[in-house]
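Pasting the structures here.
Shared between the two complexes below is chain A, which has chain B as its partner in the first and chain C in the second.
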Partner chain A sequence: MVEIKNLVKRYGDVVALDHLNLQVREGEIFGLLGPNGSGKTTAINCMLALLSFDRGDIRLFGEEMSPDNYKVKQQIGIVLQNVAVFDELTVYENIDYFCGLYIRDKARRKELVDEAIAFAGLEEYQKKRPPKLSGGLLRRLNIACGIAHKPKLIIMDEPTVAVDPQSRNKILEGIQELNRQGSTIIYTSHYMEEVEQICTRIAILDHGRSIAVGTKEELKMMIKTGETITIEAVALAGEQLAAIRDLPHVFAVDYEGQVLTVRCTKARHNLLSLLNYLQEQEIVFGRVFSELPTLNDVFLEITGKQLRD
Partner chain B sequence: MTVFKGYMRVMKHNRGLILLYLAVFTGITMLFQRMAGNNPVTSYRAQSVRIAIVDEDGESLAGELKEYLGQCHQVSVMENDRARMQEDLFYRDVEYIIHIPEHFFETCIVEGRKLQVTKVPGSYTAFYVDQQISSFLNHAKVYYAAGFTQEETAAALSEAEPVKVELMDSGRTLEEMPDYGFYFQYLPYLFLSVLCYVMGNVIAAFGKGDLPKRMRASAVSARRQSLEGLLASAAMAMGLWAVAVAGAFLFYGKRLVESGGLPFYLLNSFMLVLVALSISYLVGTLVHGKNQVNTLNGVVNVLSLGMCFLCGVFVSLDVMSKGVKTVAQFLPVYWYEVVNELVVEFGSVTGEAQRTVFLGIGMQAVFAAALVCVTLVAAKWKRV
Partner chain C sequence: MLHLIKYNIIVKTRCMNVIFWPLVFPLILGTLFYFAFGNIEEADFETVHAAVVEEDHADTVFLEFLETLEDDDEPLIQVQKLSRPDALDALKDQKVEGIYFTGEELTLCVGGNGIPESILQSLLESYENGKQAMELVAELHPEGIVAAAEQMGEYEELVEQVSLGGRTTDGNIQFFYALIAMACLYGAFIGLDAAVNIQSNLSALAARRCVTPTHKLKLILTEMLSCFFLHFLNVLILLAYLQYVLKLDFQGQGASMLLISLLGSMIGVSMGIFVGSFGKMGEGVKVGLLLGISMTGSFLAGLMAGEIKYLVDRQAPFVNRINPAAVITDAFYCVNVYDDPGRFGRSLVTLAVMCIGLTLASFLLIRRERYDSI
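After this line comes the complex of A and B, so read on.
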């Protein structure tokens, strides 16, 4: 449905997109994950023909995307990072206006607007103007304005920024529902939990490049870390740390602020063997956590830095 | 026509403000009309000052001076009492005291010494009397130089005819201006305020944050969006013009129709509304940011009031200095007012006046076109 090949976008000397390659299949929720400044929004703007680019090729629905390809634009819905609605219009009027940019038939539009209002849970606020809405409701209105015309492809650029957890969950559930209804979704975020929760495939971006693409399981398989064990332990000596590092499947040990972090490759009984060692050495320890690798671990291993650096 | 309707809906949001400006405009027009109607300036009269004279001379020339000043001032004789003089001046019982010394002719005419006077400091009336005394003494000195004695000088001065002032009314300023003249004179304030504020708000609303992105990514072509936007703006401007013209007919009806200048009033005001629309586009394009509404408010006030004061809307062009008029020529409203004043003065305009009228209307068209060009450049610069 979306095919990006060798996309290059420069702002003067700064390379915002560096030979970016992406392929989004029909029916996916495709996540674009990366820290701020990694090129997610630039990629979206190029896809929508809002920005020109220096090199590469973008095809949507099999057609080359250009600013006047209205046939393709007709099938796209966008939810931008900043809420883009009219303060002067009511919730209903806003959704009706943006839906009207795609649907001319009045009766059909009314139907779609009502559905969008119900979808976003804005029934009670139809006659209110945006300045009277909370941040969460505004975000929901922003989404309703982008999806009211039932597009085949929905592009969402960080739609949950500065949203309370309750609204965020409602928005994420809504995105999954849209996908179930048949829309393909491109979702950008720098919140790995969100991407992990809803996306069927994920591309990790850094410095304008796609550094890894796959399902979350595939991404996690790409890295060495199979399990991260964290233990609160008091006064560990250097030789004890060295001994832990020599335990089977352990490849990295870190001890800071009386918190021991042990990274292991994927294997059974990693936690058990570590706890046995601590008991043998009569080391006093407190809380114990064992975590499977996250997308942050994937990013950390590939780039050497945290996703939220 | 979604974009057109969107413009209209955002405009509708400003209807309270439009009504407010209409009320202010009507109020100002009626107020000035009434004020002008109550004070028609049709004659000239010399200023009369209360003068006291302390005469220690008592000779013929001193008597002639009293006589001369008495022709247009209220002259009284006073004793040489310093305390009394101060008191009378303090309470403004008199505004000017002349101390005529003993041997007035010899002292002030022959020897040329100054005549001692006491006056209210900084008073323009005192300056006026100074001028008259100076004139009297100069004449006396001329007669003395010609060999006249005191009596002959006094006699010659008494025979001098008082200068008659004839008031020349070069324009219509001293006549009573027709009431619809005021209406059309103040029209720029209405057009500039309403269009700049409302259209500025609408254009700013459409240019806010990521809205232009959302619009550009939509299935409606950029050309169609611009056309519908222009159509909505034109509809707003025409609506305002129609309301203004309807108001003129409502208030002045037959008198306006019979004035002979109706086509010029309509054409001139129509051109003005186009100018105001182009200014509003520029304002809407340039004003953005977090405090958009407050900024817009400030800019609109400075623009509308500034231009109205400079270009002869609130103060007639006749009383403006040459420097101000020179500056005002670079503003479109000046040309509107030039045309308006000519049409008010002549009614049906022909000949040289007609050429000036068309020049004024043409200048407004040039300003409107130039402003549209500047707006297009500004919009492009903003997008980059």
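After this line comes the complex of A and C, so read on.
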């Protein structure tokens, strides 16, 4: 449905997109995950033919995307990072306006607008104007304006920025519902939890390059970390730390402020062997956590830095 | 298309700051113009006081002539018969503005230079011209002397100052034409706002509109039509204010004035859309540019000094041919002063061509526009 090949975009000397390659299949919720400045929004804007680019090829629905490819545009819905609605129009009028740019039939449009209002949970606010809405409601209106016409492809650029947890959950559930209804979704975010929660396939971006693509399971399989064990309130000597490093399947040990973090490869009983060692050494310890790898671990291992750095 | 126009009009009418200043500023300026010089011609007229000294062989006809002038409710002149010394004292004390001495020869003595003195002089000249005419008629056509006397009795202004087209000659009205032209050009700010909302590098809202399947030309045309509609209302309010509140006399050329205002509003709006679409400058720069264009255009069209328009016409006529403000004021002149339908038509065609040209240019500028950064 979307194919990006060798996309290069420069802002002066800064390379925003560095030979970016992406492929989005029909029916996916495709996540573009990366820290701020990694090129997510630039990639979206190039995809939508809003931005010029230096090299590469972008095809949507098998056609080259251009500013006057209205046939392709008819099938797209967008939810931009910045709320893009008219302050002068009410909630209903805003959705009706944008829906009307795609749907000419009045009766059908009314039906779709009502559905979008119900979908975004804005029934009570139909006659209110945007300046009277909270941040969460504004984001929901922003989404309703982008999806009311039931597009085949929905592109959402960080739709949950500055949104309260309640609205965020509603938005994420809504996105999954849209996907169930048949829309393919491209979703950008720097919140790995969100991407992990809803995306069926994910591309991790850094410095304008796609550094890893796959399902969350596939991504986690790509890295060495199989389990991260954290033990609080533990006092360790140098030789004890060295001994922990030598435990089977342990490949990284971090000890700071009496908190021990041990990274292990994918194997069984990692936690058990660590606890056994501590018991043998009669080392007293506090709380213990064992976590499966996250997308942050994937990012950390590939780039050497935290996703939110 | 109606969907877009409907919402464009709703948005713009609810966003008062977009249409407020293009409406209010010309109204304020018009009022200031009016108080500055708009009512000069309606200044209170004061009766001129004069003395008459009857000398030997006084011209009694002249005395009757003066009496007829005193009969009016607001007499042009009020005469008192005085002796020579009293009359001279009255003149010295500024109780009278002049003294007519009615001896064998009519003479006038005045105490200064001014409108009252000019009126007294003018009256004397009028009388003497009439007297000479009667003497000529008596000599050449004595049978017509009665008819001539009757004709002269019905005092008429024989020389009427008229414009080339038989309409207004009020020199101050040109400032108001330039003001209307400026108001028309102020539609540029409404047009600019519209252009900002269809360029994705200038606002997120524009970016959203640009990725919809609505054709760019349709976006521009609907923006232009709605802006034009609203701004034409602005100009109509200004015209109504000038005509019915400030009581300016536009010589009953309502339909033509409306036609000029209509095209003037269109040129203003399309100019704003063009400047808004031109280049990749920020909105602030474009506002400054438009302000510069509209004020310079209005200045060259005679808004601040009437002679400028004639000066430009003489020195660089091409400038006034392409200056929308000058074309608009020229069209007003054609209707109200020159009565030149050909030139009027040319002005309208010029405005229409400029308007179409600017709209098409705007479309070409932004139809396939992708930006380096947004």
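The criterion applied here is as follows: the second predicted complex is superposed on the first by the 308 of 309 C-alpha atoms of A that agree within 3 Å, B and C clash if a C-alpha of one lies under 4 Å from a C-alpha of the other, contacts with A are read in each partner's own complex, and residues count from 1 in each chain.
Keep in mind that, in the parts below, contacts are C-beta pairs under 8 Å (C-beta built on N, C-alpha and C of every residue); 3 or more make two chains touch, one makes a residue touch a chain.
What you see is a predicted model; the values in this text were computed from it and never measured.
**Student:** Would you mind checking whether chain B and chain C clash or fit side by side on chain A after the superposition?
**Tutor:** In the arrangement built by aligning on chain A, the partners chain C and chain B clash.
**Student:** Pick one for A:L292: touches chain B only (first), chain C only (second), both, or neither.
**Tutor:** neither
**Student:** Thinking of the overlay built on chain A, is A:F98 touched by chain B (first), by chain C (second), by both, or by neither?
**Tutor:** Touch status of A:F98: both partners.
**Student:** Just checking: does A:A118 make contact with chain B only, chain C only, both, or neither of them? Give me first, second, both or neither.
**Tutor:** Neither chain B nor chain C is touched by A:A118.
**Student:** May I ask you to decide whether A:Q74 touches chain B, chain C, both, or neither, giving the answer as first, second, both or neither?
**Tutor:** Touch status of A:Q74: both partners.
**Student:** Of the partners chain B and chain C, which touch A:S52 in the superposed model: first, second, both, neither?
**Tutor:** second
**Student:** With the touch criterion stated at the top, can you tell me which chain A residues are shared between the chain B interface and the chain C interface?
**Tutor:** Looking at chain A, the two contact sets intersect at 45, 48-50, 67-68, 70, 73-74, 76, 78, 80-89, 93, 97-98, 100-102, 145-146.
**Student:** Under the definition above, what is the set of chain A residues touching chain C in their complex?
**Tutor:** 11, 45, 48-52, 66-68, 70-71, 73-74, 76, 78, 80-89, 93, 97-98, 100-102, 104, 145-146
**Student:** For the complex, which residues does chain A have touching chain B?
**Tutor:** By the definition above, chain A touches chain B via 45, 48-50, 67-68, 70, 73-74, 76, 78, 80-89, 93, 97-98, 100-102, 145-146.
**Student:** Could you pull out which chain B residues touch chain A in their complex?
**Tutor:** Residues of chain B touching chain A: 2-3, 5-6, 9-10, 13, 201, 205, 208-211, 213-222.
**Student:** How about chain C: which of its residues touch chain A in the complex?
**Tutor:** 3-4, 7, 10-12, 14-15, 200, 203-205, 207-216, 367-374
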